[in-house]
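Chain naming follows the written order as A, B, C, D, E, F and G, and within any one chain the residues start at number 1.
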Amino acid sequence: MVDLRRVALDILKPHDPSMLEFTERIAAVESVDGVSTSLIELDQEVQNVKITAEGTSLEYDAIEDVIESLGGTVHSIDQAAYGEYVVEERRTLQDD
Amino acid sequence: MVDLRRVALDILKPHDPSMLEFTERIAAVESVDGVSTSLIELDQEVQNVKITAEGTSLEYDAIEDVIESLGGTVHSIDQAAYGEYVVEERRTLQDD
Amino acid sequence: MVDLRRVALDILKPHDPSMLEFTERIAAVESVDGVSTSLIELDQEVQNVKITAEGTSLEYDAIEDVIESLGGTVHSIDQAAYGEYVVEERRTLQDD
Amino acid sequence: MVDLRRVALDILKPHDPSMLEFTERIAAVESVDGVSTSLIELDQEVQNVKITAEGTSLEYDAIEDVIESLGGTVHSIDQAAYGEYVVEERRTLQDD
Amino acid sequence: MVDLRRVALDILKPHDPSMLEFTERIAAVESVDGVSTSLIELDQEVQNVKITAEGTSLEYDAIEDVIESLGGTVHSIDQAAYGEYVVEERRTLQDD
Amino acid sequence: MVDLRRVALDILKPHDPSMLEFTERIAAVESVDGVSTSLIELDQEVQNVKITAEGTSLEYDAIEDVIESLGGTVHSIDQAAYGEYVVEERRTLQDD
Amino acid sequence: MVDLRRVALDILKPHDPSMLEFTERIAAVESVDGVSTSLIELDQEVQNVKITAEGTSLEYDAIEDVIESLGGTVHSIDQAAYGEYVVEERRTLQDD
C-alpha cells in the first residue's frame, strides 16, 4: 500500500455553503490533517477554488464525496504526492 | 471539530476608522493571535485592504462581526486554512 | 490591549531634514526598536519614502507626531501588524 | 554501480486510470520512495502530466513498464539525477 | 542615541580611484564593519555605483567625507536602517 | 593544486544512448559524486542537455572522454567552480 | 588594513586557455579560496565570462596579473566586498 500525502484540486462550487464551511467540511474528513483553500475566481453562480489537502494517508474518495455532497465538482486534480514523503518538484528547463 | 488557523480577507472599509484602528479591533477578537493588514487601493470613499488573521482556533463570525460593526464589508475570502496545522499551498503548473 | 508590532508608511517629506536625520528621529521614539527607510522617488520639492518601523508595542501617534514635526505627511499606511507576533502575509491567487 | 535518485518525466496518459491511480501505481514500484504528479494539460483524449520520482536507487525500467502497462507513454525525460546525492542545478547565465 | 546600522548609497565617482580602492577607503572608516559596492553604470567620465555599508553604529559623516575626498558625490541615499537591529522591509501591495 | 568542484556543461548528444544511460555513465566517472541532467531541447537528430557534475576533485578530461565516447559534444562550459568550496555567484546589477 | 573578501569581474578572454584552465589558474592565486566562472557570451574570437572570487583577504593585483598573463582583460569590476564579512546587498526600490 502506498499513501497519498498531498493532493491539490481545482474545484467548482456553489456560493452556498461558503468557502469557509466548505473547507472546514473537507478538513473534517478523518484522514485529513489540514486543508488550505484559495479563491481562483468568483462568478455569479459559482466559485472556482483551489484546495490543497495533506495527511499521512489521505482517503481521496472520502474527500471527493464531501465535495460532491456540498454541490461541488472536481474540475481537475492538479497535483498528487504518494509515497513515504512528499516529493517536491523542481522547475525543469521544460517548464519555462 | 476542525480549527480555522488562518484566513485572508479582501475588505472594503470606510476611511474612518483608520486602517490601524480597524486592524487593532480585529486583533482584539479573542481567538485571534495576530493580524496583518495591507492596503490594496485607496479611493475617495473607501479603502480596499487585505487582512490576514491567524490563531489556533479562529472564530470567523466574531471577526466578521467586528469588520461589519466598523462599517466594513468582506468582499471575498481569498484563503482559508483549517486543520492541525496550516497547509502551505505550492504553485502548480496550472497556476501559471 | 493589542500590540502594534510593525507598520509600513508611505511618507512625503521635504528635503530637509535629510532622510538619515528623519529616520533617526523616528527610531528615537521610545516604543520603536528599529526603522528602515527606502527612497521611492526624489522630487525637486519633496522626497517620497517608505518607512518600516518595528517594536514590541509601537505607539503610532508618537511616530506620526515626529513625522509631522519634521514637515512630513503620512500619504498612506501600507501595512500594519497587530498581535502577539507579526503575521506574515502569503501571496494569494487574488494578488496576481 | 551508480544510483538513479530522481527522475522527472513528461508523460502522456489516457484519462483512465485517473491521475491518482496512475501516480499510486508508480509509487508502488519497489525502488520508489515517493512520486509527485502535476497536471500540465488536459485534453479530451489524453492528459499530459509531469511525474517526479525519488528513491535511493530507482529502477527506471520498472517505472516505465508500469507507465506503459497503464496506457501511458514517456514523451521525454526532463531531468535525471545520478550519484551519491541529488546535485541541485543552479541557473546559469545561459539559461536566461 | 539611535544607531545607524546599514545605509545604501547611490554614488557618482570618477574612474580614478578605482572602484576597489574607493570601496576599501570607505571600509576603512572606523565605524564601518563591511562595505559592498556594485557597478550600476559605466560612463566615459564617471562611474555610477551602489554602496552598502554596515556597522554597529555607522558615522555617516565620516563615510560621506571619504566619498567626497575621493571625488565622489552622493546622488541619493536609497536605504537607511536605524535601531537595535536592521528592520527588513517586506514588499507591500503598494510596491508592485 | 586546485580542485574542480562543480561544472555545468551544455551538451549535444544523439538520442542513443538515452539521457539516463548518458547521465549514468558520467556519474560512473571515478571523481564524480553526482550528476544532474536536464533536457534543454529535443530535436529529431540530437538532444541538447545541460549537465551539472559535482565532486571533491573532478577530473574534467575523464568526464569529457565519456561524453565523446558516447557520441556527445560539449557545446559550451557554462559554469565552473574551483577551490576549497563552491563559490556561489550573486546576481549583480550588471546581470539584469 | 581592510580585507577584500569577494570580487565579481566581467572578463574578456581568448578561447585558449579554456574557461576551465583560466578559472583554475585564478583559483591557484594564493589569497583565493574559491572561484566560480560563468559564461556570459561566446564569440568567434573571445569569450565573455563573469568571475566571482572569494577569500579572507584577496590580493586583487595578483588576480588581475593572472588574468592578463592568460590574455584576458578586466572589462569591469561588477561587485566588490571589503570588511570583516561580506555585506549582502538588498534590492532597494531604486533598483527596480
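To be clear about the criterion, a contact is a pair of C-beta atoms (placed from the backbone, for glycine too) under 8 Å apart; a residue touches a chain by one contact, two chains touch by 3 or more.
These numbers come from a predicted model, not from an experiment.
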{"item": "Count of contact steps on the shortest path from subunit A to subunit C", "value": "1"}
{"item": "Subunit F onto subunit G, rotation angle from CA fit, given as a multiple of 5 degrees", "value": "50"}
{"item": "Centroid distance [mean C-alpha coordinates] between subunit D and subunit C, Å", "value": "49"}
{"item": "Centre-to-centre distance between subunit E and subunit C (centres being mean Cα positions), rounded to whole Å", "value": "22"}
{"item": "Shared interface positions of subunit B, touching two or more other chains", "value": "38-39, 50, 76, 78-79, 88-89, 92-95"}
{"item": "Contact graph of the chains (line, ring, star, complete, other)", "value": "other"}
{"item": "Chain pairs in mutual contact under the definition given at the outset", "value": "A-B, A-C, A-D, A-F, B-C, B-D, B-E, C-E, C-G, D-F, D-G, E-F, E-G, F-G"}
{"item": "Residues of subunit F defined as touching subunit E within the complex", "value": "92-94"}
{"item": "Footprint of subunit D on subunit A - complex, ascending", "value": "2, 4-7, 60, 76-90, 92-95"}
{"item": "In the complex, subunit F residues that touch subunit D", "value": "8, 10, 18-20, 23-24, 26-28, 32-39, 42, 50, 52-54, 76, 78-79, 88-89, 95"}
{"item": "Subunit C to subunit G touching residues, read off their complex", "value": "38-40, 50"}
